[in-house]
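By written order: A, B and C. Residues from 1 in each chain.
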Amino acid sequence: MHKPFAEAAKIDEVILSRLMPEEDLFAGLSKIARDHGIERGVILSAIGSLKNVVFVNVRPHIGIPVKTEDMIQIEDTGPFELLSLEGNFFPSQEDGEPVVHLHAILGTSSGSVSGGHLLKATVFTTTEILLGSITGSSVYKAKSDLTQRMELLLSRS
Amino acid sequence: MHKPFAEAAKIDEVILSRLMPEEDLFAGLSKIARDHGIERGVILSAIGSLKNVVFVNVRPHIGIPVKTEDMIQIEDTGPFELLSLEGNFFPSQEDGEPVVHLHAILGTSSGSVSGGHLLKATVFTTTEILLGSITGSSVYKAKSDLTQRMELLLSRS
Amino acid sequence: MHKPFAEAAKIDEVILSRLMPEEDLFAGLSKIARDHGIERGVILSAIGSLKNVVFVNVRPHIGIPVKTEDMIQIEDTGPFELLSLEGNFFPSQEDGEPVVHLHAILGTSSGSVSGGHLLKATVFTTTEILLGSITGSSVYKAKSDLTQRMELLLSRS
């Protein structure tokens, strides 16, 4: 059952990487994880630029569980400076495959900023990512009845 | 006296946590710190969604010290995707109690982004926080005459 | 030649620092790196406030290489809450001097947020930076023919 938890873990190794123009951000990140055998990872730093982004935000005044119609999808070819990329990946409790969860913040030519829960993005000039490999953790991703989203779940709980 | 400093420290342990819907973000974070005996902590990563947020920003063209009327408070029920959460907590020099300092960036349904110095927030669907425990540090928070805010102070200085 | 890479490295030491009002952000960061002998560094956390900022964003619909006229420069005296500061520095392959790359996100009094690739900024009240010292890395910065920007390059590649 999903409940709050706080688990002590370690980040003994970090992976410093650069993605190239035209690379898919999600595929690039997944390949790095696979090549380095990282089961649980967190983005410690990311800087670069993106294009062809698709992201979602939630409508105001909604509640949980979040329904499909509660989310608004935004597509923009950009390109944009990638100002912040937060997120992580953890294995799905069902099949062990990594579930990637990313939130991006993008700079526009007016100086204003847009962003949301990222679904898709292509690297424009570069993306420099510092990925932390989390060890000593037993956390999985599993669908929550409460939110209807894939949420972190401590396997011991 | 407050002055610039740069102190070498360690982050040997990280705490991976999940807060649940309706939890208070500040109370949740403080409980994690207390339960794990973390005196000095820094948010290394955070992703999730928030509602009922209160944050402040400063007016343009003001100087220091920052006065109460120099700050504009914004309240919004949201909910919002939590796109970035930066911050830390350090013990107050006066009583040793943790002083939590958080800046949040929130995605809105238009795709635009808002945010500021966070005063209050409730978890909407989830908040996944990776907290670094800073050891080997002698830094405190103490009120600065110069800025009239609680600022980092090296106790040896 | 520039190509994608992912290199395992370590962050054994972090530098916790505070910059003071009127300090130049770039000069302050460079001094910390120099004083602590850090060749390769990454910002793990930053929180504070800035003024007199200059940043650039790219125009929509441009391609690579990015030309000077593809970028729009924005100057604003602020001050602003510093909501996020992402970035790193690596030695230039040419002369070994650190190449600092920073993206900033700033809160405005309306609650909206601006930001971009940062060229210049002065500390307003404070800037608290947690800098990670990356060791075991052989990554440099070198100009890319493809993007016409200074990009990360693995020296072994």
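The criterion applied here is as follows: contacts are C-beta pairs under 8 Å (C-beta built on N, C-alpha and C of every residue); 3 or more make two chains touch, one makes a residue touch a chain.
Predicted model only: the values in this text are computed from it and were never measured.
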Fit chain B to chain C on CA atoms, both being copies of the same sequence, and give the resulting rotation angle in degrees, nearest 5. 120
How would you label the chain A and chain C contact, same or different, if same means the shared numbers make up over half of all numbers there? different
Using Cα averages as centroids, what's the distance between chain A and chain C in whole Å? 21
Residues within chain B bordering two or more other chains: 11, 44, 84, 105, 112-113
In the complex with chain C, residue positions of chain B that touch it: 2-11, 42-44, 55-62, 64, 66, 72, 74, 76, 84, 86-88, 101-105, 112-117, 132, 134, 137, 139, 144, 146-147, 149, 151-152, 154
Hey, which residues of chain A end up touching chain C in the complex? 11-21, 23, 28, 32, 35-36, 44-47, 49, 77-85, 105, 107-113, 124-126, 128, 130
